[in-house]
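Following this message is one structure expressed as structure tokens.
The chains carry the letters A, B and C, assigned in the order they are written, with residues numbered from 1 in each.
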């Protein structure tokens, strides 16, 4: 039998004005197990807590009920107080008689009666409470960053600088991500490569960072502090240890038909290639789908010319298995495919390009050497139309419902750069709204309009028709309320951005959740923006939602801080209110495993009674978050949730309905 | 009988998930939004923790109405709990209706932590509906009732 | 049917003789000719008492839970509907598939002795199904019945003649599939007013004597310890003087098997009080099909049952209040 103390808080007059606290205290003494009750003006105050502590010590209480404000407010306070004098903190329950009673009822009689009932329910529960001890689990002091764009790089560098080992897994042959393809960055117009490539080099040369490029995470098991990842390293057919990145192989390769991904397919590369001059790691890679040796068995020109003897046509896929304490998702984004948006004729007209393609056309390392020439005839365009919100903020199935956030600013940047470099070129921008909330952003946009004379047209483009080399853009000007027809030489579409297609499988692997647009969901949209709801999994960059570079870097560093905070602990304290299976009752039917959102349940064969070996559920307490989904699917009632057991909840039900 | 009709104050059990609905109820309190004292809230970690047994138990012990509140679908703190709860409760409540138990006695509502006003209005409406239905006679344990009245 | 039995006996003896299996789970005649019980046969001699005819209704799959815990392999005869239960038990890891040799046997529907009796058949000693009619052999001569009149409820609403799982099949006379709507009874109740439904179920559940036969025969009710027998579960109970316990028992039971019940109909068959228990399970099946897409438990061994699954677009619970009827 428990010895329960009941403590009724007045909360000044917040409770005491509507609830007859003396009567509640008196009623408590008639409840089973209750040996002591008291009321006090402010139970959460130092002296209120002392009152509880003294009672625990003097009366030898085994359980405590505090009738006060919401447990969301002070449950932790009272549990801590109990713990400080030797009572297990989970022997304390709160009856919420402020938010759920005194603040919403006016009639003292009615409110007091309800307060008594809630007190009674809490006492009934405490009578069945058991001491719970939080488990501990060790933390592996190594982090995994999935994705090697600017987000992943920044996160990795920050974690490594704090002294922890980090692996960056990048699916492409080089890190750098989308930022490496950009020419200049807004609103400062500094060159992307100048600020990114030093970071790439820093990551590569950091003693705590290992870059696992051309690789993908295949599966992840485990839990916060103790994940195990299987990483599939695709064969480069180039020995990484031997390759010097001299590029002679790429020069000699006779196959020249592959689209160059780095230049958005606007020029070609060899079957063996180095993605770009500043690639990290700077290693050649052979594309077996284009390689003549792979296709016909003959050639091997690269092999003969490689002085380092690095070409290895027999290289096989490799699996790396590593343990991690924390995982950061930095899987980034892609511009959407524009095939579905027929009005822009992207697939029909070579001179209708995306903004990312324009970045390459303007970049000195791009297909035109930085001279702006349109793709169809390599002529200098004199009239350029930019179209904003292509696939963003739309309601059709081919559209994205959200704002892609970065397009307004990069379009202003593009138009400004073009007007600067080619003053004879007219630039039009069709927009729905121009969104420029950011430091120096609106000033930047205004410069484009006021200083560079870019024509901003509020309205959308209905269709683009190719008329003998000219692109006839039919749009509407909503401010002038008229149709606009522009004969453009080049049309640039600000395509919406969407999460990388790998986001979905990565989310499944990590049991992290994604929203309807496949962006990762944060643990709390305001207060925990860089954590996923799954403990130990953090979010960095656009995988969580559209962001520009400064925001991405800020979030990347924030995620790193969270990781460092986790890795700095030697052990983690688990939530003790977790599920547990009574092996004697467990049928091993697997129902619970199916509904567990965290993969916390596995099955083991165990000798539950002598000679009786059975398949039974096993809950990994470090992974379980205590939702209780398993408890309800369990037909035999073997699965129960500590702190919210079937019996406890039924006791509360009984007390309320009595 | 007459007395019962005049004075009938139904006993209502509300299961609220800790993260959304219980917080919504707290917000209703903070906002001093009135709803009848008949409603007694039981805190559970997630709507998926609510076992049909708890609901039957409440009716057995004399509840006149049972309402379950959880996070809005898609917002579950545990990512998927309320989806399971949604299926389970849909099935349970339709099943009780099939047994002829008045369906006005059971209800599922999604209430977010920000919806204090909605919590109060949902409770007001539910209490009104259950009051109109009168005492629960169809799914209750006479022994519990006798015990209650004898007290 | 005699021919089928001959093949069954011959094959069983062969498998026993070759040591492929060390026992056979089948049916044998009980106290009366119509009263068959599941039985374990371990020798060729014992197998001579194996029977299979229109009274061989018991679903043998549940017995394999205990049988597969033993050494060696067991041979079991399963009718098409029994194979669903078998699959479901495999899915729930209750049966070790490796330790069972499944022979699927043809079935043209099993006969309900109570229907025969109520139609005047007294002293029934055997039964024969000639494909068209059912002929009851009685101490006082043969009687002929229309099949639909005397088949068990579960056979009148047969799920199909295909075996979902088997190692071998014994089919001498292929039985043709017949369409039937197993939800007619549920639909009729759904069409009633809630008051009428309440009266119907009160009338039915009041008959319940809590003998637990429905639970004990149910292949889905295979818990090592049933919650109703577990003092710690909070719902443990025995027969009670009023309706609530029965409501509680049957609602919880229906819920525990929801999505796992293959609709084998054994509960209704064994109920000594003739409570149409299948109407409870079928209501849940009907709802799950309507709300979450067609699902038949036991067709496979790896799908997720509706209640351990979800989609983001699932119907909201107010689908019930919106469908009309009373408040």
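Some points to look at:
We adopt the following convention: a contact is a pair of C-beta atoms (placed from the backbone, for glycine too) under 8 Å apart; a residue touches a chain by one contact, two chains touch by 3 or more.
For clarity, every value in this text was computed on a predicted model and none was experimentally measured.
Chain nearest the geometric middle of the protein is A, using mean C-alpha positions. Of all chains, C has its CA centroid at the greatest distance from the CA centroid of subunit A. Taking each chain's centre as the average of its CA atoms, subunit A and subunit B sit 35 Å apart. Centre-to-centre separation between subunit A and subunit C, using Cα means, comes to 49 Å. Looking at subunit B, residues 52-53, 57, 74, 80, 84, 88 sit in touch with two or more other chains.
Shared contact sites, meaning residues of subunit A that touch two or more other chains, fall at 516, 595, 633, 646, 650. Annotation for subunit C: residues touching 2 or more other chains are 234, 307-309, 312.
Interface residues of subunit C, counted against subunit B in their complex, comprise 189-190, 194-202, 234-235, 240-242, 244-245, 247-248, 251-252, 254-255, 258, 280, 283-284, 287-288, 291-292, 306-312, 314-321, 325-327. Taken in their complex, subunit B has these residues touching subunit A: 11, 13, 18, 22-23, 25-26, 28-30, 32-35, 37, 40-46, 48-54, 57-58, 61-63, 74, 77-81, 84, 88, 120, 144, 148. Per the touch definition, subunit A reaches subunit B in the complex via residues 70-73, 96, 98-101, 103-107, 110-111, 113-114, 117-118, 121, 511, 513, 515-516, 521, 533, 577, 595, 597, 625-629, 631-633, 641, 644, 646, 649-650, 652-654, 656-658.
Of all residues in subunit C, only 91-94, 222-227, 230, 232-234, 256-257, 260, 304-305, 307-309, 312 touch subunit A in the complex they form. Interface of subunit A with subunit C (complex): residues 516, 584-591, 594-595, 603, 615, 633, 635-637, 646-647, 650.
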